[in-house]
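One chain, chain A, appears in both complexes that follow, with chain B as partner in the first and chain C in the second.
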Partner chain A sequence: MLALYVARNSFIHRAPVRAKLAALFVGGIAIAFVGDPWSLGLLLVGILGLYGLARLPTSEVFKALKPILFVAAIIFALQWALAGLLPAILAVLRILCLVLLASLVTLTTPLSTMIEAIIALARPLARFGLSPAKLGLVIALTLRFIPVLMNDFREIEAARAARGARFPGLGAAGPLLIKTLRMTDALGDAIAARGFENRS
Partner chain B sequence: MIECLGVSHAFDGVPVLRDVNLRLAERRIGVIGANGSGKSTFARLLNGLLIPAQGDVLVDGVSTRKDGRAARRKVGLVFQNPEHQIVMPSVEEDLAFGPRNQGLDGAEIEQRMAALLTGYSLADKRAHAAHLLSGGEKKLLTLLSVLIMEPDVIVFDEPMNSLDLVSQRKIASVIEGLTQTVITITHDLSLIENYDRAILFERGAVVFDGPPGDAIRRYLAIA
Partner chain C sequence: MQASIRDIVFIALFAAIIAALGLIPKIDMGIGVPITAQSLGVMLAGSILGAYRGFLALTLFLALVAAGLPLLAGGRGGLGVFFGPSAGFLLAYPFAAALIGLLTQRAWRELTFGKSFGINVIGGILLLYACGIPAIALISGIALKTAALGALVFVPGDLVKAALAASAAMFVKRGYPLIDSR
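The block that comes next holds the complex of A and B.
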């Protein structure tokens, strides 16, 4: 879901964003209910075919899958050990199908269009006190700051390692949290400075 | 024009600005001073992001206390760290963020965006992920994200911070070419040498206000 829009002239790119989100929703449910590995395999091939129809480069498929391969491998191993080979294959096929389908939507839809659609869909929730514009901003900020925080984490880790710290990963959590909290103050100012408060 | 009338401010009881009285009307104004002298707080007061504990800041006669939004429409702020100012994942999305909040329509946003990206040689990075830009490009993006909102005044908080020499020269030349009123808060004294006016802060107070050459000499004497 972290994939950024890739501009191409395809019918999938031109399709209305609401149709794509609806297809993702229905597709996601269908993937969860299919219990046959051959059917899921066919579904996976079909989704890859959609990447071809969207004229997306093969590298985008690998980019979409790269972040979840490690998690998928762990899930596969755990499922195999606890439930057997077939459930493990089904779980991994489902993850691959879902990630590729979700990435297909983000790769073929400009983020602003996606956020505007989510804001429009969330408008009925305004009566319960939820601001649709803020929801859209939260989604955008999440996409924007995951790579920034990952980079900060790597920098803190490198600084700790340079001073001989043990237990990589664990000790970086505190400094990262403090850095993130400081950043949120500045970010709040930046968002206000660019007029976000005008939106409801 | 921006006016500061008896402005004082404190954080957690610690004074950071003391009785600042300024009338900012020149085209190029530099603000210098040591770390902790109140420069960045001063920058945030100018567009109403911060409301002074005492006194008033007027932007074209309107108090930021009464209408901070109006002040922010007229006074743009380019922050010190671009990572904290870029709020959207891609270049074009980030550029569109401000004007969309201003309520501009898509065609107007597109027109402004295309003109800026072409004019500042960033057109090939339009769909680029913001986190993959170089430091200089990120700084330029933060400037363009303010320019696209067409403010009358642009406040730069340490525009040369963490930039390499090539990027520093590029940003300096971009700032020089701006038609807007520019207020630059900086440690880079060469940047403000040719400005119309320079203000020196020390421990939250204005200790010199006049020609940049004299301000720089005074700063070097007390530093």
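The block that comes next holds the complex of A and C.
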């Protein structure tokens, strides 16, 4: 599976992940308090400058923004209609700054480093029954399940298409779900049979 | 409370199901608003796994998204989405699954399609919107009413999802129940 990380050699890439997360946290709060469009615009330019310093291609900026454009457009239109142009510009600028800043951390941190940081942050979850060993197992299982599920889905769709079905159908969804639950239970038994449970 | 291996595999399965639902192409409702299947996963996790496992499945899913996997609908992921307009909805996912799970467990013995549908509306629509809409207002600095107005366009699609989740919950209850009837 493809992660969002883009490998480059820059000081932002080399900065420790905790420092980046802390900077993001502080920066995010600061952006929420800036209420003047010129300062926000300046901040946006500064953040884009960081993308340059991290040697990220311009296309990454657009990729980071693409998913929020639709919502940003709705917010802009509604805000313009109900509160005026200036608040609309402020709202969209603020969203752009926040999303670009957070995406910068993701783009410059390898997935494995990020997962380690998250496991460290998730240590309180041990209280809810997820010890670090189980957390590692559950992450690995999830990443393995995704292609398996997609494959099952494609197989059933192909079988339906071969029988002349034209529309995506829900008829197979129930049996597919039960089949998957059964497979998962068997997998759990297999893991338990290999003695993982005792080592929790 | 300790998660058993059986809990672990089902938590992983549903985190993966939610990710897979994000890969299904967006369906256009004809009113210009694309709906994604992903919040269906929240409802499914709650109504099939129950509160504890549903909560952890969604927490795990969000952790993987935060780590930088593009698992959200449309290939989104990374920390950016937690600072974007839909952050409130995302962060409410585990709690919505937990509420749906809790109510489903309560009603388990006499669960009907209608009850399950109602439960999914409460957890998967009311709770999610109650967290998501103020977050939109907060992050973009727009009025609460404006944000609520914008979110209204997603309600029809979400009602369809609640119905789908309820029928799946009934199907699994008959065929392969995972929630203990206490």
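Here, the second predicted complex is superposed on the first by the 121 of 200 C-alpha atoms of A that agree within 3 Å, B and C clash if a C-alpha of one lies under 4 Å from a C-alpha of the other, contacts with A are read in each partner's own complex, and residues count from 1 in each chain.
Simple rule for what comes next: contacts are C-beta pairs under 8 Å (C-beta built on N, C-alpha and C of every residue); 3 or more make two chains touch, one makes a residue touch a chain.
What you see is a predicted model, and the numbers here were worked out from it, not measured in a lab.
> Could you look at A:120 and tell me whether it touches chain B, chain C, both or neither (first, second, both, neither)?
It touches nothing on chain B or chain C.
> Look at A:73 in the shared chain and tell me whether it touches chain B only, chain C only, both, or neither; answer first, second, both or neither.
Neither: A:73 stays clear of chain B and chain C.
> Between chain B (first) and chain C (second), which does A:100 come into contact with in this model arrangement: first, second, both, or neither?
So A:100 only meets chain C here.
> Taking the superposition as given, does A:178 touch the first partner, chain B, the second, chain C, both, or neither?
second
> In the superposed arrangement, does A:30 touch chain B (first), chain C (second), both or neither?
A:30 sits against neither chain B nor chain C.
> Applying the document's definition of touch, where does A:7 land relative to chain B and chain C: first, second, both, or neither?
In the superposition, A:7 touches chain B alone.
> Which partner does A:53 contact after superposing on A: first (chain B), second (chain C), both, neither?
It touches nothing on chain B or chain C.
> In the overlaid three-chain picture, which partner chain does A:141 touch, first (chain B) or second (chain C), both, or neither?
In the superposition, A:141 contacts both chain B and chain C.
> Go through the superposed model and pick first if A:191 touches only chain B, second if only chain C, both, or neither.
both
> I want to verify the contact counts: of chain B and chain C, which reaches more residues of chain A?
When the residues of chain A touched by each partner are counted, C comes out ahead.
> Pick out the shared contact residues on chain A: the ones touching chain B in one complex and chain C in the other.
Touching chain B and chain C on chain A: residues 4-5, 111, 137, 141, 143-144, 148, 187, 191-192, 196-197.
> Inside the complex, what are the residues of chain B that reach chain A?
44, 47, 49, 69, 72-73, 76-77, 79, 81, 83-90, 92-93, 96-98, 100-103, 127, 129-131, 145-146, 149
> Give every residue of chain C touching chain A within the complex, in rising order.
Those in contact with chain A are residues 1-13, 15-17, 19-20, 23, 34, 52, 56, 59-61, 63-64, 66-72, 74-86, 136, 138-143, 145-147, 149-150, 164, 167-168, 171-172, 175-176, 178.
> Give every residue of chain A touching chain C within the complex, in rising order.
Residues 1-5, 24, 28, 32, 35, 64, 66-68, 70-72, 74-75, 78-79, 82-83, 87, 90-92, 94-95, 98-103, 105-107, 109, 111, 114-115, 118, 122, 125, 128-130, 134, 137-139, 141-146, 148-150, 153, 170, 173-174, 177-178, 180-182, 184-185, 187-188, 191-192, 196-197, 200 of chain A touch chain C in their complex.
> Which of the residues in chain A end up touching chain B in this complex?
Of all residues in chain A, those touching chain B are 4-7, 110-112, 137, 140-141, 143-144, 147-148, 151, 183, 186-187, 189-199.
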